[in-house]
Amino acid sequence: MSQPILLAVAGMGNNISALFQGAEYYRKLAAEGLSEEDFPGIKLPRIGGIGVSDIEFVAAFDVHPNKVGSKFGDAVLASPNNYPRLDVDLPNPDVIVDEGLPADFTPQQFDAVVSRLRESGAEVLLYSLPTGLQWAATAYAKAALEAGVAFVNCTPELAARDEELLAAYEAAGVPLIGDDLASHLGTSVVHRVLLGLLSDRGLTLSSSYQLNFGGNEDFRNLRDAGASKRQSKLNALAQEGVDTSRVEVIPSAGFIGQLKDNKVAILNVEGQGWAGTPVSLDLKLKVQDSSNAAGVIIDLIRVAAAAKRVNAGGFSAAAVPVLKSPAGGHPKYSAADVRESLKQLDGVTAGQ
Amino acid sequence: MSQPILLAVAGMGNNISALFQGAEYYRKLAAEGLSEEDFPGIKLPRIGGIGVSDIEFVAAFDVHPNKVGSKFGDAVLASPNNYPRLDVDLPNPDVIVDEGLPADFTPQQFDAVVSRLRESGAEVLLYSLPTGLQWAATAYAKAALEAGVAFVNCTPELAARDEELLAAYEAAGVPLIGDDLASHLGTSVVHRVLLGLLSDRGLTLSSSYQLNFGGNEDFRNLRDAGASKRQSKLNALAQEGVDTSRVEVIPSAGFIGQLKDNKVAILNVEGQGWAGTPVSLDLKLKVQDSSNAAGVIIDLIRVAAAAKRVNAGGFSAAAVPVLKSPAGGHPKYSAADVRESLKQLDGVTAGQ
Amino acid sequence: MSQPILLAVAGMGNNISALFQGAEYYRKLAAEGLSEEDFPGIKLPRIGGIGVSDIEFVAAFDVHPNKVGSKFGDAVLASPNNYPRLDVDLPNPDVIVDEGLPADFTPQQFDAVVSRLRESGAEVLLYSLPTGLQWAATAYAKAALEAGVAFVNCTPELAARDEELLAAYEAAGVPLIGDDLASHLGTSVVHRVLLGLLSDRGLTLSSSYQLNFGGNEDFRNLRDAGASKRQSKLNALAQEGVDTSRVEVIPSAGFIGQLKDNKVAILNVEGQGWAGTPVSLDLKLKVQDSSNAAGVIIDLIRVAAAAKRVNAGGFSAAAVPVLKSPAGGHPKYSAADVRESLKQLDGVTAGQ
Amino acid sequence: MSQPILLAVAGMGNNISALFQGAEYYRKLAAEGLSEEDFPGIKLPRIGGIGVSDIEFVAAFDVHPNKVGSKFGDAVLASPNNYPRLDVDLPNPDVIVDEGLPADFTPQQFDAVVSRLRESGAEVLLYSLPTGLQWAATAYAKAALEAGVAFVNCTPELAARDEELLAAYEAAGVPLIGDDLASHLGTSVVHRVLLGLLSDRGLTLSSSYQLNFGGNEDFRNLRDAGASKRQSKLNALAQEGVDTSRVEVIPSAGFIGQLKDNKVAILNVEGQGWAGTPVSLDLKLKVQDSSNAAGVIIDLIRVAAAAKRVNAGGFSAAAVPVLKSPAGGHPKYSAADVRESLKQLDGVTAGQ
């Protein structure tokens, strides 16, 4: 085991539960003798030499009364979190959840976050509050910068795409990784490859739709406020040969409590082949929604920590494959850039 | 309209019905003013300058009593063919279906096929008998060679992969295009991209299966004799990161007459993501089976005819994207080879 | 052909398009020689001697600018209606669509409706405005009563369950048929039989959900205002042995324009069998939404007209099987009551 | 806990594993304080006073080398059995599996079975060998009769429908319960209710199919020899208003080892509603195949044991709801007969 990431988190939702429990799950597999090359669900066992269980939670911020003031290990399992309780023993890190910033935070409150980050020794601040709070993303990003802590933005808010902010991180030699994580196996990527395949094979798209539903808080929130999410998901499907005006996306078709943290997506694709005869595809995708996020967060925080350890400020191309909106945009980065960035993180660390 | 392909066919099954009716379907669309760039289900409106309706049937061989001795236009719609009757007027080419070769054919019978091909003026012989008759594929390929007619092999039998045969075609300056067409939107390619996506995203394949069923004669035949087809379909799924020992394929789960020429495929993929939590995909694909073949045959015969017109003997890389087993194997050809081959067919023809 | 129903309609939506076109569809089948016993989708070829094509539209009310003032045959096909245009010739009845009542209608406007009904000679007024307009249901029901015209209420608003109103209809000898049509093959009835089967066989329901989506105006309206519809749908699933607290229903998961007048429903049922081992059912139901209504409306209006012709005022038990909330409630009526009522409508008519 | 059923079994397949493990599963639930009224998957907690864990295995016959000569508890888990190992402690009854009868058994071998049944003290012999061995069903039934042991036939072979055999059981005062268990939640019953619903609502069946597949030995066997099973399953769908000539059934679409003892069924129903417009239902059913049998076997053996205890020879109507082909045929029994029979088994037993 290499030196663990000293991790602070802003937001204590299901994603953090998945990350926390999952790290212990893999620790248990390793203890049972499974090689990390064979870990299920893991593509890169090491990034910058850091393994998937090498995480130490050192600070946490949230605003929910069930969480603020509780010990980390209790807060992360408290309602409304409903990620399943995995069959592993969990530690209870000696960390009390701090009250997070309110929308009308004072300079004193901001400074308190900076101090907390500093005194915790955190290497990385993972930002994963609910979608839509641009002010919060900006505030935590600025606090991390001031504390010299690498910042990872899981949400669609602007952070790494904020050129001024990115320049400040670069100047300070602090990593800034974002924005918006691309789910491990998201509806969008499945939909995208099916539409792409249709086009690539020379069939004509007639119509297509995608519905998502589930039982965590996201599906309650998105049910009413899905318009921007809808557009973002349509953008994710856009590619050569695909007419997205023929595609409908429903980000939240409904909150179905019994599904808990599972997400179900229904996809339909109708097309025309030779002589205009129809082809149809109907697909049902079921995933553990927060595992879908944590499986990617594990890469983002390792990139951030590894970059920090080699003093690589600003954005790292190694994070590109798991981001929806990387700094500078996807077209800026080639597969070679990603490989090179990963090598750099590995190489230098290995040399230490 | 450019000069039509003078086409002979060995086998008068649903694929030929789809090809014949489809050519008229597109002729009708063009007559209604639709640009060929907007034809549904067509990726390449022109290959070597030849459009999708530029086909003239000049000879046909079959052994079924419902077909032998009938006029082409009657035979192609006769039972057990059950491709749908499209809403287009059909011509009835002045061609009588000849008795095809029996398994124990005599030299005289072979010579009769050669003569028929010669006197018909055929440019291309399209071979699409039922799967499994290697002797027939070889015999028709040799007859075509002797008659100086380009040969297209739609089936998994060896023809273009038979090195001796290929050398003979090359020496004679006659095109030989094969083997085994890759369906327009086949179950294999859909299954393959889903398995590839899972691997690419770093999830672990737990298990997967694929079942195919339909109501044409193929599904009756394959029900009992699917072992080689099963292996061929498993091969088609093999790729980096995919453990096909975890995949089961049932080429024919059953003959369901009411489906007629439709094929339905059921796919399931079970995987593990972060912390070993499950992901599952269930997909139903429904296609018009013979359109799925004809949408590819249209490219194969255009490549063959265009190659013949420019005296390009042997195999043409332009056919690679629509073949399962091209001469020499897939790895031999790059995307650039395909583009170059297409350009060559276009360029020279255009210069005529 | 028996004497046609002289029919007035309040609301000119897809249901009326389906009813109007469908009547002609069956007329065409009959003209082609098909016996009405073999009509697809028809359980009772005759009710009170009236066939499914025996409809004559004599008056119509609507408020949409695309419809008011137009001829019936134009209005019924005008946007936002998007029921498919069936492959039949349509007559264009000599009826102009009248402006319907506004929410703040005056006594004069009310009287105009009564006069219009009287002068049209209508036997039945079919009420099928959008769900939720209790004032409109009441107003049209009172106008019909005053005009001596039978009233059919397709919606969940109170009419036949309004005891005072029912008594007035009974006293006047005018039929009042309602409330709320039960779709021909609705999601609720499919869901209900699956849940009932599980219980009947002795398996334990773990959880279940139902999502509905489509491309007509209903799905746009219900997306935001589905709470009462949700409860009504849950009620429809309630039965002995079924714990509906384990069931979630989403009346509109989304408006998907490309589906037009089609409705898709996704059902899931999870249960436990012997030793607590799981069983799961996943079902997709696709229907032509307005045919699903018209297939039932055809029975309601025939019951109403037949009852009027034999001077049977008030409610008729013959309508019970196709209503969600019949006057007095479902438990009041046995299968024998329904048969008896049908016989009465038939018998007396036959005796005329 | 009442007096356990002393049970002998002919055949040690997955069904016996499910029965054996399930009995312990419910014993554990009871020990944890769950009332038997709340047992998941159990409709009748008591039959004749006997609970679902009241089973004692006293003899077993099989021919598989992995099983013969082994202790019961080992044999029941041995390959090719692949019912899941439930999370309960299992006893290992002091019973060695005897070699079962071969097809050409001698009188001596037959007598050995009779003796073994006698000396074991068995009350009931449960016959659940693979389908198709009529000689075996007859032989074991005769042996049980001679030993005075009640006989339960889970298979489609003739036993309770063999009038001569039934008369002999009646004369001897020994229960004979069969034939052919109706799965707890089988594909047939689900398919049947959907077809019945369509008819009941007045829609017209266009076509329908049903495919079954799974990973236990049944699906390997049925793949090649499914013709009689197909007809039996079609019979099970027959009902008023359903034209089974429009239905196709594939008893085994394939053996998919990864599914182990799970069964998956795919159902499709296409119909026509008002104006001939289409309705379609697609359903996927997934069950634990052997739980589906054991959940019914538990009723059959309790009926048999309770009947034996009250000296009710021959068939008992209490078994009718869980049999496909009860003695005398389904129409012979009313729901009242079943209730009466259950009461008789309960009442007399209670009075002891």
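First chain written, first letter: the chains are A, B, C and D, and each begins at residue 1.
Keep in mind that, in the parts below, contacts are C-beta pairs under 8 Å (C-beta built on N, C-alpha and C of every residue); 3 or more make two chains touch, one makes a residue touch a chain.
Computed from a prediction, not measured in an experiment: that's the story for all the values here.
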In this assembly, which chains make contact with chain B and also with chain C? A, D
Geometric centre distance via CA averages, chain D-chain B, whole Å: 48
Measuring centre to centre with CA averages, how many angstrom lie between chain C and chain D? 44
Which positions in chain C touch two or more other chains at once? 282, 284
Mapping chain-to-chain touches, which pattern fits: line, ring, star, complete or other? ring
Pairs of chains in contact here are A-B, A-C, B-D, C-D
Which residues, counting only chain C, touch chain A once they are in their complex? 207, 209, 211, 213, 246, 248, 250, 253-254, 256-259, 266, 282, 284
Using the touch definition from the top, list the residues of chain B that touch chain A in their complex. 18, 21-22, 25-26, 40-44, 84, 86, 184-185, 189-190, 193-194, 197-198, 201-204, 271-288, 291-292, 294-295, 298
